[in-house]
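Consider the two complexes below, in which chain A is the common component and chain B and chain C are the respective partners.
Here is the complex of A and B:
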């Protein structure tokens, strides 16, 4: 019964993503990031090792630390946008699905979008490496793993952003909070506290601007942090949705 | 006109726009500082370092910040789809001018927040360098001028498309594009000319502080640069032109 409601909710969320401006963001941001990263890689040939790991570092440097969080926040805010328009919130409260299902479906839809974004980012990385930087061979499998790990690390951040966008009727403030969160994440990661900050996790997962694996020996704490933060934010959202009365 | 301004001020109640401005100023200062200074040389050039890094940070933060601010200014009309109603009830020119005035007021508040934040950081870190008020004023005026250009451009986009996603997407794209251009400008063959082509990156050529790396002493040296008054005038002119264009677009819009 709950599973059926969840599936129905996911289908509804996926429909909201069709033909939305959100796809322009999906295409544009990784594209610009790839152009910037590859240019920086080619230009700084004396300072950056000229291999796939070096290119990965340049591609993820600003993407993971600065642009990834606001992009994920835009995805999350988009998924709540329709509910906040007009008097739609009253309809949401009256929908014949358990309210936590609604939040979980949004999280699933946002995760799917982030997964696709990471795939697009990896394709751009591969294409730029072969065609622009003219690197030999193929990228090491670790790069693909880092991209996927970045998507997984985005889940707690997505849950938090969905919570913010659920509470805030306006589209913009949650996106700016993500911007600040990402910048603070940069400081947390540089101090070695990335695991304790949801916005620092994607940089750790993607191994941003690093040749070596930043998570060496810390895979379990990383997974625990991702799971813990996700459960915490999802539970908070579910609780709020359960307790919340209809508002116009 | 006064009635339109009052209406805009009424809309700001419970909107907490000052929080958004504080977020922007905080993010810029946090990124500009990059961490606490850890040597006497860094303390002795604390403010100069900020005068050099803040324009770079503005290139990264302000395009998306101004997109967000524009979206906030038009939030009530977008969510309630009331622009059509307002256009038929009040003078469109006044309506547009009131929104612009409020936006400019926000830019002044943002500049004030950055100045106060900078002074507070100087106190907290105990910079030994004396603050040059003229340089601070130049930084704030130039930043506000470029932000006004961005605000006017995003308002035009908002009028045309009414989509916050598109605005923020373009803002993020400009942030990244500006940073990309900053790197291109660093390359001798391209020169700084590329920066002049993109108003969203004008924070950089308007900066009056340059940095050189002293390899022997292994420290950054900050060098004052001549101020580009012509570019500042150009920014103000472009901002005014965009405002007039937007006002005309609002007047001509079908309802």
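Here is the complex of A and C:
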């Protein structure tokens, strides 16, 4: 029964995404990030190896450092903003679905957005490589895997951002927190503590600023960190929702 | 099985030190249109939110559709309930039909039901317009349509005519009045205006400061509207003896040449008029000074007489 309610909630969330302003963010942020990354790649030819791995490093450096976490935060904030507006809290909380399902469905919808964004990011990477940087051949298949891994690594961050945005009616503060979290994530990763910071996981997953696989033999701890953080933040949100008195 | 679709026992909700609802014993009969009336801040919305499990009670219990409302069966009861609390919730960037699809999905109701509810609230021609472009009245009707999805057995509507113009109020009133017939649902509807509901409700609960002041049929409330009896006499001084004989000497008072008597049963009044005529008082007029329902409501909610009222 819970699974059915979850599926219904996911379908409802996906319907809410239709025609929303969030798609402009989906299109523009990876585009901006790709332009930055390619520009940096082309004009730092002395410092950056001129191949697909080098281009991936430059693309993901800017993407993971400045763009990815705030973009995920905007997705999360937008999904909750729909309920913060008007009297939508009373509407959704009065529906015959378990309250934790509402949160889990938003997480699923946000993950779907991030997954699509990663696909778009990879297409831009490929397009910029061929048409702008004029690189020969095709990118190594591992780049596609890293893009996918970045989406999976975003799940705990999305859960945390959804938790913030559920609690905060304003759009901006959670996005600013994500920006700070993303920059801090790079510091954590550079110190080797990326697994312990939800905002560091996407940089690890995507091998940001690296041409080689940073995870190496750490796939299991990486998966455990993703799962652990996700469960923690989702459980916190579910607990809060269960005890929530709808005021608005 | 009880006769009530909604029953509360000693229900209360306290925010900090302020009691929003206290000791509420609501009884909404199955198949009725129950008007829940009270001034702004009386606790109507709080009560409705308690009934839907949107807020947790501080004390007391709730029975909905013959079942105790508990965290375990809340979802089951919600699936049989349609609600519109305060103003309707909606997603302005989507069309009316898309909004209904979302609610139908969450309620697990058939998508084909959407056409029915659109038709019921007369929104079919505007179903594919964005809700952001809807008028206030259309949004209220969309809110009712959302509540009607899934054939609910209980409809909880909180001030559905809020903010509507007179034509919109009239339209909404007609829509709600036909709900029991069209959908077989019990309707609990709130308003701060008794006059707004008296044409469509058959039961009434009057709430003030979180307490129920009156509960019963609308006809019962109208009974309370029987006011003083005013007698116009040619010779008022001749009325003393018959009034004393009828046991009304203390209750009767003379104002502006008229004798004012407390509410009397009709047979008793007929006898009294006969006695007055026989005593030569010269009865030239008998008037019942009826109170309007609005006056009763005001007298109840402003701590007035409210004689014989719960």
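The working rule: the second predicted complex is superposed on the first by the 248 of 248 C-alpha atoms of A that agree within 3 Å, B and C clash if a C-alpha of one lies under 4 Å from a C-alpha of the other, contacts with A are read in each partner's own complex, and residues count from 1 in each chain.
In this text, a residue touches a chain if its C-beta (ideal position, glycine included) is under 8 Å from a C-beta of that chain, and two chains touch if they have at least 3 such contacts.
The structure displayed is predicted, hence computed values, not measured ones.
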A:29 contacts which: chain B (first), chain C (second), both, neither?
first
A:21 contacts which: chain B (first), chain C (second), both, neither?
both
Considering only the touch criterion stated at the top, classify A:183 as touching first (chain B), second (chain C), both, or neither.
first
Now for A:132: first (chain B), second (chain C), both, or neither, which partner does it touch?
neither
With both structures fitted on chain A, tell me whether chain B or chain C touches more of chain A's residues.
B
Who does A:120 touch here: chain B (first), chain C (second), both, or neither?
neither
Pick one for A:88: touches chain B only (first), chain C only (second), both, or neither.
second
Doubly contacted residues of chain A, that is, touched by chain B and again by chain C:
20-21, 85-86
Residue numbers on chain A that touch chain C, as the complex places them:
4-5, 8-9, 11-12, 15-16, 18-21, 82, 85-98, 245-246
In their shared complex, chain A is touched by residues of chain B numbered 15-16, 19-20, 23-24, 26-27, 30-31, 35, 60-61, 64-65, 68, 71-72, 75, 79-81, 163-166, 168-169, 172-173, 175-177, 179-180, 183-184, 187
Can you list the residues on chain A that touch chain B in the complex?
20-22, 24-25, 28-29, 32-33, 35-36, 39-40, 43, 62, 66-67, 70-71, 74, 77-78, 81, 84-86, 169-173, 175-177, 179-180, 183-184, 186-187, 190
Touching residues (chain side chain C, partner chain A) in the complex:
49, 52, 54-56, 75-76, 78-79, 81, 83, 85-94, 98, 101-103, 105-108, 146
